Amino acid sequence: MDLQTAAQINSFLAAFVLLTAFGMLAQKRISSLIHLFAWQGFLLSVNTAIVGYLANKHHLYISSVLTLSLKVVLLPYILHVLVVRLKIRREVETLVNIPMTMLIGLALVIFSYHLTAPVRELSTLITRSTLAIALATVMIGLLMMITRKHAVTQIIGFLALENGLFFAATSATYGMPLVVELGVALDVLIAAFIFGIFFFHIHTTFDSLNVEQMARLKEED
Amino acid sequence: MILLILLGVPLVAAAALGFIGDRRLAPEINIIGSAATCAAGFDLAFQVYEHGPMMAGGKFFFVDAFNVYLAVLTSFVSMTTAVFSRRYMRREREHGRVGHVGMRFYHAMFQLFIFAMLLCLLTNNIGVLWIAMELATLSTVLLVSLYRTPTAIEAAWKYFILCGVGISLALFGTVLLYFAAEKVLGEGGDALLWTNLSQVTGQLEPTVLSLAFVFLMVGYGTKVGLVPLHNWLPDAHSEGPTPISAVLSGLLLNIALYALVRCKVLVDGSTHTHHAGNIMMGFGLLSILVAAFSLLRQKDIKRMFSYSSIEHMGIATFAFGLGGPIATFGALLHMLVHSLAKSAIFFTVGHASQMHRTQEMDKIQGLIRGNPLVGWGLMFGVMAIVGMPPFGIFTSEFLILTATIKDAPLMTPFLLLGLGVAFAALFRKVQPMVAGEVPSNQRSMKVSHLPVLFHMLLVLVVGLYLPDFLSRWFHTAVEVLK
Amino acid sequence: MSMSPLVIEALQVALLIGGAPLFIGWVRMLKCWTQNRSSASIFQPYRDLAKLLSKDVVLAGNASWIFRFTPYLVFGTVILAGAVVPMLYLKLPLAPSADVIVLVGLFSIARFFTALAGMDIGTAFGGMGSSREMLVASLAEPAMLMAIFTVSLANRSTSLSHIAGVIYSGQSLFKPSLSFAFIAYILITLAETGRIPVDNPSTHLELTMLHEAMILEYSGRHLALIEWAGMMKLFIFMALGSALFFPMGIASVDDPLMIVIAGAVLLLKLAASAVVLVLIETGLAKMRLFRLTEFLGSAFLMATLGMLSFFILE
């Protein structure tokens, strides 16, 4: 595999990461969302390995394996178990309708493109152009958390956002130092357990995972 | 070595407490652990005071005047909080608000939280700083929902989601920072070390750093509780157990501000402009004003004081943004005295609400008659927090105000307005609670004296005369932050 | 030896007019096979057309000139469109006269008049069909343009011959933007040519039909022309797709042998694309009308993502 092909595969994977992000934005069924999330993690993991090859950075192989085990296997598995246990199938209605969310998503992609322009100009890495996609993935994750009212979808949005951050680190700098990557992975793992506990708490207290019911704490006049 | 003890003790204590669970001696072990940490903190401070900044663990840890004083503060306040929580949590346990599992969890997570905060302060690596900050959030999320009431779960969920998102943006900022640093310092972990970064700030790419600062500001700003990113704060502080409110308000906000200021120093060095400072001033001033006016509308006592925390964090952020030796000095002092005064207030508030078994201010009355320590403690605490002389907050706010009049005169009226409204609001709300007859729903109980007295005494001492070592210390810190 | 470009042009138009019914016959045959039915002959569409052409036209009393004029106009515009798309030869003489945007315009003229004719008689079905058709058009056309813009951007031209030429020379094939545009193009083709899941070409159920409802009042040679134009439209969309995304085999020199080879390759590609089309049609059920927005919205999204990834990644 020569560098040219590797760079092309890299940009292809970036495009597909963006596609999965939009897919998640459009998807209402939670099990499909989890699959999409796993796919996104898989693309990222492959991408990290390719960037590791491109840049000859061996620690990226470790983060690739870490991503594979954490975001493709473990987290989707946990989510799946929770969804089955709590008998969740469908998302409740979204706050903003789907086509509108898509358009906002597109606007966010353009916004990220402009925001990362200075970095793109300064960078000499082959992967520099994917940084905009990474930031867009972050923004779309954020958008998903804002527009969805289901606790599980919000968490998937949060994890997708985290995926975007990981992607950003790979594309802007060929990955953060290993100690940081490991620490971030640890934090994600802890977060996974915490939201798992949370789902049960919310479910037992509110009888559903619709976070709209959680609106007691407001400023009263 | 001392660092190892300082960080190791809370970690070991967390594991031990997780293992012991809800036994008789758990609160005592919690206190002993925090006390040991506190002792180690003082020792570290002494060493730094004697020998100047130090590095340890292959540059992994770095201690200078700025973070060591926060480390001492953190370990000290967590010790007094542990003392306070012994009696407080026992009563909550008796009232049946917490169970076995909850208590086990509470103690273990309390220690883990202290560990995360200390790691945040002492690490030299900006990436690890981020990780520790996230760890601090995660360890407190389930403490906020400890009571399992619908509102507590809602508050914890908000806290989890909003802070999670906020801090993720800070990670993006950190990635950008690393991107800029890598160009100058080469790849690898060294490029994220603050000591290395601060030496080469001039060479870092200004455009990238200003972009990074926007993300860092939004990210860590969420944790500081700056308006308009503050939504989680009043909920999380009012729904969790009171000791947790005390450490969240008194310590965690400080730590987040610490992270922000560290990043600001780098950005300023690179851009040579005042943009970062201006952004911080804007956020700070907005927080002061919004929080001050929100104070007027509060009914829940803990909620009210969490708005007061937003206001004070706003003041400190504003002052750091203003820059210059006087404002920075004031901000450092403000972080110290606010932390002490606010945790003292939360201690008394915790007792007061336990005495009345409600957090609604309408139903709390006659505290001075009912329990003089709680009543006067709250009264003096509020006097301190609104900035009345002779308490320390008067000194720090006076310094900040002076610097504002000199450097940014146009901001002065807004700052004064915020302070004035907060003053009026807090007094109007607190006065009926402490005064008056003892209502029928109040019951007397034993309270923890020491933490409240100790904190108030310190705030008073700092206000009356700033000890020489402390002021020299702050001067060194101001040098670091220039 | 070389052929005059005009001859090639004429040859292409003849191939379009003559080949379109064959192509439809092939699609129908494949469809029968996938559904385990025995199929009609592949030449059945010719017989249908011949039958219709030999019948008299029955006109409603209140039919205006628009109604009578539309079949010829539709037939003409489609042939014009077919003359512009490089199917056999890259440097067609008519190609410089129209680029991709004009091509989209030609199709919308045909659609506009069909919709008018649908409403002309004043029956309920005609109006309903027109309104549905315009709904689809209003969503499909922006997506179509977006996909085409993406391809044009990637190849730095809106001229079909130029685009095909650039990809032909192997400069840009393996690109995220083009693959997104391709996916979008497939979705739009399904919508524009009235295939499942957007429309069902073989139904006359009043609740589900779109295109058929509009032309319900036509008979005789008018109907023959419109049906024929519909066949050619599918043919053109397939040929356009292969010209834009897989132009291999199109002759770049006017050697008769190359032209013949190009014709053979075109037929092969069409045969293959029919397989894909039938697989899609068999695999999917027809969508409810209200879900079409989502379907075409995703086509638009794909095309836009293609365009964005062109800017970001290339």
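By letter and in written order, the chains are A, B and C; residue numbering begins at 1 in each of them.
Keep this in mind: a contact is a pair of C-beta atoms (placed from the backbone, for glycine too) under 8 Å apart; a residue touches a chain by one contact, two chains touch by 3 or more.
A quick note: this is a predicted structure, and the numbers were derived from the prediction, not measured.
The chains that touch subunit A as well as subunit C do not exist here; no chain meets both. When every chain is reduced to the mean of its CA atoms, the largest separation from subunit B belongs to C.
If each chain is reduced to the average of its C-alpha atoms, the one that sits nearest the average of all protein C-alpha atoms is A. Centre-to-centre, using mean CA coordinates, subunit A is 39 Å away from subunit C.
If you average the CA atoms of subunit A and of subunit B, the two centres end up 31 Å from each other.
If you average the CA atoms of subunit B and of subunit C, the two centres end up 67 Å from each other.
Residue positions of subunit B with contacts to 2 or more other chains are absent.
Chain contact summary for the complex, subunit B toward subunit A: residues 125, 127-128, 130-131, 134-135, 138, 141-142, 145, 148-151, 153-158, 160-161, 164-165, 168-169, 171-172, 174-176, 178-179, 182-183, 187-189, 191-192, 205, 207-208, 211, 234-235, 239, 294, 297, 299. Subunit C makes touch with subunit A in their complex at residues 174-177, 179-180, 293-294, 297-298, 301, 304-305, 308-309, 311-314. Partner subunit C is touched in their complex by these residues of subunit A: 8, 11-12, 14-16, 18-19, 22, 26, 98-99, 102, 106, 109-110, 113, 129-130, 132-133. Within the complex formed with subunit B, the residues of subunit A that make contact are 115, 118-119, 122-123, 135, 138, 142, 145, 151, 154, 158, 161-162, 165, 168-169, 172-174, 176-180, 183-184, 186-187, 190-191, 194-195, 197-198, 201-202, 205-206, 211, 214-217, 219-221.
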